[in-house]
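Each chain carries a letter (A, B, C and D) given by its place in the written order, and its residues are counted from 1.
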């Protein structure tokens, strides 16, 4: 048994980050640190030049965590590092980033690389195992999360400390996000990253489209009623769009001022158009990471609707965003025998 | 005056439905109602299940006075029609407003009243005038609360017409304004007089709650913000920000808005005021394409400066009441307390 | 509601439209109030702005190009750039628009009295300066001001606004007008050739007892201010007008601020000294 | 809401310039009867159709939308219609999923020589949409 094998995934991430930063292989490491609130993770950006002192670097890297912390998809931060500043004639040299990625984040990264938003050669990918992310919404339904004073995550349990000092022990698996429960590829393939951190990952899920199928089976008016109810909650804060790594348009159609596709306010039909187009634009891109639904402050059930496009792209065209540079966008190609049962005949 | 101030009353919680029924006859009565996503501001019915225990509602009650989408005027073709009818000109009672949110309304009053410019906002002010605010003191603040660091307190009564304290089986109601006194007078039949022990347990509870609120030392903030507009710390602070509008839309004092015209499928035109947010690039972009706040660093800085520096300079008030909504709901789990601390400790180096 | 609702536009009719330039993307709209009480209530200073509505497209702020002494109508010169301006450019005379205002502080009229006035402008930012000049040249007002010097530049001769008015000023002894174009034009051109800052430098107007009103594209302002400083203008004698994105015009909607100052109420006119104390967010 | 007994559905038809528009034209010159409540919008190719066009039509009050292009293999731009076919398959499925009646948004191939097919198609679609009644979903309507 090597030394490495004895490290926990968290220690291994820290070791790799220190090495990469110290050896000058990356300009910045992007990972997660604990948020102030229990069971949350917040993005952590550690630049190589932190005044140079060894202790400083180790202290910064010591914040990096691995676990089920509820956190955004880190791939959502990449495009801003590489998009050109249109005001400048000559673009400055872009940084090389070390990035801690779980499998869903990696799929987003590959989509961004394929779509030329992020250069692969500027990324050092550190794949990490994933046991699923804690679902804060579900926890909130169960207990007064806003008053929980501390929380510890164990492989099979969540231990939360209540204001009175009482500790509640919950079955971890019960409080994992749907996106993770339904994840069919929780492990990072070794060949798709530069470093792979060993550790326990979830098992591959079966029946991933069950929720979509169940929704499809509802009567049409009921489907509309639910869509209406869900979109009525939306406050148009754009958190779903901003949290999504593959919603990267510089000028979103919702904000284009020359064409004015939709109104600027929270008018219901405009909100519905926004979501329909947002979902449609995720065809062939969505990694099913769940970041959009997680980001929503008002609990719109984005997953039920966004997963539909994933399922259709998968079932109609046999395409699912994965871990390679060779995949082609399903909407940039066609087959002569693509299904056309949906088309009308006189 | 001294005697009137003592006008504290007791409402048996079992009589809450009666109170709601009595109020609903003459006013739109709103309160925090239990839902799957936590308490929500809703129109109350006698059968409503009020949530008086949760820390606070996800969305703040500012939407009652500054709706997310509001018609300013209507038109057809190029003709302006009459202003929208004041059909909703009913009294509004907000029951169970947290102290932080009531203080936030006072911030909004500064903006929409005539103070900041010589113009008043009739839409906002009319709703404010029609409304009665009944606050509910916090017994058990949440992890994200920091009202005491920005001048508030869990049992504060600023912005309240009537202040309520939850004493378990009963509510202690104290009038704070004349409007509040009138209200308690009208509801006399449902109320009994409070005695010394009620007042004492309310006091003890307030003290206890106050001691439980986490503190952020903001003593040097105004000074550092005034100095550190170009500090590199802003770049660092903005990096994890996703650029969405959650913090602003959920904030009880954020009030920036847009005005736009919409025409429906039948040619009816409305001029709409809708919430807008300084974190969106479009917010400041000129028609020419030039944008004074073109990147996230500038936009995050604007939000912080607006709340903790500009409003202080213009009206002497910090536009943050420490409700913690931005902390609880940020999709990147950024914590404004950490940001403010970082600005004080790291700012000013350059 | 006792006070007037500041969000409600007053109806105005387009009486005339003048296409100002060869590119045809600048038009001046002559607007007449439909209601006399609106006309008499709309009392403004040069340098203030109004919010123009094209119902259905929206509302945008524009500096008022007419002068208070032109009592019967308002003039707005509009460049076609976005939704509202695009729709405005589609309008024909006779159509009803909405106007709100006047908003903003306007030029410092009281400070200007008794002083020599230097006006420096480039491109289509000349609008509120037209208002100022017309107001100053009015026989009732002229003697309250000293020498009036105007330097106005455009890319080429076809791009000057208010060509008839400029022609009349050229022969007017009450005003010293210099027109300049950026580069040697193909057609005959009597004026100067050269960028505005350079022309100001050459003309070297005296700074003594003078105020400079400067409106133009940011790049012109950036290079003109040092020239004026060199000529001896103090920072608070250089007066600029800003154009941040605005919506409400009344200090509520929160987007036009530069630091703690709102362009719509504290501005749009600021001295260079005031701007130097503010963050560069304009 | 609409108690109007004379109500006729409004149908917006996006027709490709090279085939379907010519097909509609042929229906016209051949004096073939089809319902007059169709608003035709000519586009260069069915591949030019942004899903937003369809959604906007519904939002602005169309009761039904038809998109029509050249038959597979006939596209003037070689494969515009085949790329479009994938997008339409997804869009129609998504709209149906959220509860839009499938008859509201239809896709069909019509060639330049198929005037009869176009007329028949419009007759059928018009009847289907009429049976559904006025569109209520995704429509921008300010109720005051």
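We adopt the following convention: a residue touches a chain if its C-beta (ideal position, glycine included) is under 8 Å from a C-beta of that chain, and two chains touch if they have at least 3 such contacts.
Since this is a predicted model, take the numbers as computed values, not measurements.
If you compare A-D with B-D, the chain pair joined by more contacting C-beta pairs is A-D. Across the assembly, the mean Cα position most removed from that of subunit B is the one of D. Subunit A and subunit D have Cα centroids separated by 37 Å. If each chain is reduced to the centroid of its CA atoms, subunit C and subunit D end up 50 Å from each other.
Multi-chain contact residues of subunit C, defined as those touching 2 or more other chains: 82.
Residues of subunit B found to touch two or more other chains are 258, 260, 262, 276, 285, 287. Contacts with at least two other chains are made by residues 257, 263, 267 of subunit A. According to the touch criterion at the top of this document, the contacting chain pairs are A-B, A-C, A-D, B-C, B-D. Every residue of subunit B that touches subunit D in the complex is listed here, in rising order: 71, 74, 84, 262, 264-266, 268, 270. Contact residues of subunit B toward subunit A in the complex are 36-38, 53-55, 58-59, 68-69, 140, 142-144, 236, 239-240, 242-246, 248-250, 258, 260, 262, 272, 274-277, 280-282, 285, 287, 294, 296, 327-329, 331-335, 337-338. Listing the residues of subunit D that touch subunit B in their complex gives 59-61, 139-142, 144. Remark: subunit A residues 257-258, 260 touch subunit C in the complex. Of all residues in subunit C, those touching subunit A in their complex are 82-83.
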